[in-house]
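Structures follow.
Next come two complexes built around subunit A: one with subunit B, the other with subunit C.
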Partner chain A sequence: MKVVIAGFGTVGQGIAEVIGMRQELFSKSFGQQVKIVGAFDSSTIVKNARGLDPVELVRRKASTGTVGTRKVDGGVKELIEEYDFDTLIETTPTNILDAEPGYTHIMAALGSGKNVITSNKGPLALRFRELSKAAARNKVQLRYEASVGGAMPVINLSRELLRGEEIFSLRGILNGTCNFILNRMKDEGLPFEQALREAQEMGIAERDPSYDIDGVDSACKLAILANAIFGKDVTYNDVIRTGIRNITEDAIALAGEQNKVIRLIGEINKDRLEVSPRMVPNGHPLAIGGTLNIVQLLTDLAGEVTVVGRGAGRMETASAILSDLLAILSEDRAKGR
Partner chain B sequence: MKVVIAGFGTVGQGIAEVIGMRQELFSKSFGQQVKIVGAFDSSTIVKNARGLDPVELVRRKASTGTVGTRKVDGGVKELIEEYDFDTLIETTPTNILDAEPGYTHIMAALGSGKNVITSNKGPLALRFRELSKAAARNKVQLRYEASVGGAMPVINLSRELLRGEEIFSLRGILNGTCNFILNRMKDEGLPFEQALREAQEMGIAERDPSYDIDGVDSACKLAILANAIFGKDVTYNDVIRTGIRNITEDAIALAGEQNKVIRLIGEINKDRLEVSPRMVPNGHPLAIGGTLNIVQLLTDLAGEVTVVGRGAGRMETASAILSDLLAILSEDRAKGR
Partner chain C sequence: MKVNVDLRLKDIPGQLVGALEPISANDGNIRGVVHHHDDRVGGRIAVNVTFEVRSEHALNKILEVWRKREVDVAKIDSFFETFPIQYLIVGSIPTKELESITKALESMENVAFIEVRYTGSANSSSRAALVTGKASKKETIASLDQFFKQRSEKHDYILIRGLD
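And now, the complex of A and B:
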């Protein structure tokens, strides 16, 4: 299988490394190698039909700041179509205003009969239906486990392991930064501003934290899950959203007196698509601490099934992309390709 | 697909009902019906090559105490071989001394080229390797998601969604009864005996509770996971085991002072295969309350991945058997059968 990596930040570098690390698995399980035949970032591109060395790609990015050996000139779309490859791995950053450049990359790849694996929330949270239809029309796969909750395998769990279940509703913690802040406020009695500053100093929260603490990131993920698992036709803008900016020490102390904690919960059910702070009893799965992500699915036969994992990180996100890559290889083998 | 159900207690009845409920799914996803062509319990048998009505089977069991219309006479093995069917669903009770009658049922079915799905821990916890080899030799599938943790999909999660990961170790709570007792001791300050009595009155613990509280059930499940996920060659007897009988109110109060709880934890790693009570910090996934089961896997790329589900129950266990049934249908389709 030949792949192209679009975007070469943390996630792009992570998946390049993982593809390098797992060649033995690919050949043992599927009798083939996975070759990276191209990679590009916002300014440069590199390609080689016989395969690029992942270690070399990552080294060049680290030393020069760019992955490629020459400038991206003809526009990304033409480059994608010119390549001879099977699967595009799209890892450019999430853009919640217009989904670019991810949307253009993904549509171009699907349109020319290539599978797409993406970690990019923008296109999925804004134009999910359009992308799914393009994948179906071109008889290729569009997979996006990495777009929600890093290494927490909620999408493939729902689609594969729970395919016999009717899934009624979902609740979850989809942003590790908010969970860290709420937990520090509780454990140390810190005010919000101080817990946020601590998270920023530790590199858990961004300098501009609003994407996390105002629930934007959680709402993107919730919209993706609503489309992917519940067959809804919604975007990020349909999610009712309240962040954690106004959670006071008093509110957290009051919850504690009732043996409860406050968590930023995303919920999907028949009538509701909402991200907001809620009280959760200690001992309940959603009372989880740290920066973990968690999703709880309510189903007709199994009852509640819950999955927990690391919501972010270079190798964690690469791990989710790898699981999608293996699923594509497995489907291809089943179809005798 | 034609199936036979061996054992017609709670689990056997549950899967019969679920097969009845999911005919639309089977035909929509796989273009075929799933027919129950035979069922037997310890004293009677019923069969019909054109398919039995699940509702009628469950009704007869409820009113007469037996599933069948005539006595089992020629021995179960002969009956299995005489049937024309694809998959045996083995749901007889766990026997941790000699694995019977499940072991004989499963080996007979595998030996005559039939897939087996089982919820029975005995054969897997005592003779795993032998059963796997028989399945491989006969090119059929042996699946057993229901044998560990009811509706918690840990086996299929490890094998399918985490197939790209190296799994280093596992920790989990594999017995809901113990978790309930430990939680009641903590929440209400009850002594062990009283929490146990309460669990018995609620039907959560058996009249003879030793299978649960001495860690036998957890150890069986841990042995199955060690074989299935870690490729070890172990039995129930290889598990070092301490139950919760000697946990005092004082120990639980002391843990509480450190913001911790006591849980009966099963652990598998390179050198260890052990079930014993441990302290777990509040907010940690394993600090979960109620009767839930939980397993946490430590992997090389994804880090910790945790799954939580209901560990027992008629529909919950049937749900796990259904997921195995769908996996077999899916494999068969992939192979063009």
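And now, the complex of A and C:
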């Protein structure tokens, strides 16, 4: 299988390395290699039909700041449409205003009969149906396990292993940064600003933290889950959203007196699509601390199913992309391609 | 209404059936039966039964049959199913607003009781108030959700619901 990696930041580099590390698995299980035949970042591109060396790509990006030597001159769409490869791995930044550049990359690939694996939430949280229809129309796969919860395998679990279940509802913690902040406020009695600063110093929160603390990231993920698991047709803008910016020490203390903690919870059920701070009893799975992500599904036969995992990180996210890559290889084999 | 009883049955065949029959006869729903074979008091076997009945009236009829059939009731606990009320609000909340919330909730049907606790001074912009209590109907919780949602939107404070 030939792949092209769009975006070569944390996740793009992670998946390049993992593809390098798993060649033996690809050969043993599928009798083929997975070759990276192209990669591009915001300014450069590199191509080689015979395959590029992942270690060399990562090394060059680290030392020069660019993945390629040639400039990308607006021709990415044509490249995707015309270049000979099977699967696009799309890892450019999430843009929640217009879904670009991810949307154009993904549509171009699907439209020219290439599978797409993406970790980019923007296109999925804003234009999910269009993308899935394009995939179906072109008889290719669009997979996005990495877009929600990093290494926590909730989408493939729900759509594949729990295929026979009726899933009534979902609740979960979808943002590790908020969870870390709320937990530090509780454990150390810190005010919000201080817990946030600590998270920024530790590299857990971004310099501009609004995407996390205002619940935008969680709402994007919730919209993706609602579309992917519950068959809804919603966007990020349909999610009712309250962040954690205004949670005070007093509020945390009052909840604590009742043996409860405050967590930013995403919830999907027949009448709700909402991200908001909630009081969770101590000892409840959703009272989890640290930066982990967790999702609880309520199903008709299996009852409650809970998944926990690392929501972000270079290798964690690459692991989710790898699972999608393997699913595509399996499907291709089943179809005798 | 959910009821839990400790019965003492004579150790002869047919006693258990005789004790459970009036529950079903009065449209009750048996949820659990636990035999305590080792727990014999005065030659009687202890059995613990949990069931649901529609009303106090139905429960009284069941108790009457048991009396007639000489089924000893050693202990009875009955309780209505309740649903927790749990809301935390944060923001600039004047004491007057808290009083008004309390009043509104107290006058709501099916709210069994409520308690309001709060911190911070009245003119602080980050006062936190916790409203807890119990409701006897699930629908009441849905109305309360709505009540608090509207209220918090109108007065611009943060609403933190409990996890049901």
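Rule of thumb we're sticking to: the second predicted complex is superposed on the first by the 336 of 337 C-alpha atoms of A that agree within 3 Å, B and C clash if a C-alpha of one lies under 4 Å from a C-alpha of the other, contacts with A are read in each partner's own complex, and residues count from 1 in each chain.
Everything below uses one rule, namely that a residue touches a chain if its C-beta (ideal position, glycine included) is under 8 Å from a C-beta of that chain, and two chains touch if they have at least 3 such contacts.
This one's a predicted model, so the numbers in the text were calculated from it and none came from an experiment.
Peer 1: Now for A:138: first (subunit B), second (subunit C), both, or neither, which partner does it touch?
Peer 2: A:138 sits against neither subunit B nor subunit C.
Peer 1: In the overlay, answer first, second, both or neither for which of subunit B and subunit C A:95 touches.
Peer 2: In the superposition, A:95 touches no partner, neither subunit B nor subunit C.
Peer 1: In the overlaid three-chain picture, which partner chain does A:284 touch, first (subunit B) or second (subunit C), both, or neither?
Peer 2: After superposing on A, A:284 lies in contact with both subunit B and subunit C.
Peer 1: Is A:310 contacted by the first partner subunit B, the second partner subunit C, both or neither?
Peer 2: first
Peer 1: Can you tell me whether subunit B or subunit C touches more residues on subunit A?
Peer 2: B
Peer 1: Once the shared chain is lined up, is A:165 touching subunit B (first), subunit C (second), both, or neither of them?
Peer 2: first
Peer 1: State whether A:301 touches subunit B only (first), subunit C only (second), both chains, or neither.
Peer 2: A:301 sits against subunit B, while subunit C stays out of touch.
Peer 1: Could you tell me which stretches of subunit A are touched by subunit B in one complex and by subunit C in the other?
Peer 2: 281, 284
Peer 1: Would you tell me which residues of subunit A are touching subunit C in their complex?
Peer 2: Within the complex, subunit A contacts subunit C at residues 171, 242, 246-248, 250-251, 253-255, 257-258, 260, 262, 265, 276-281, 284, 286.
Peer 1: Inside the complex, what are the residues of subunit C that reach subunit A?
Peer 2: Touching subunit A from subunit C are residues 86, 88, 90-91, 117-120, 126-130, 132, 158-163.
Peer 1: Give the list of subunit B residues in touch with subunit A in this complex.
Peer 2: Those residues of subunit B that touch subunit A are 18, 22, 25, 29, 151-153, 156-157, 160-165, 183, 261, 281-285, 287-290, 292, 296, 299, 301-310, 313, 315-316, 318-320, 322-323, 325-326, 333-335.
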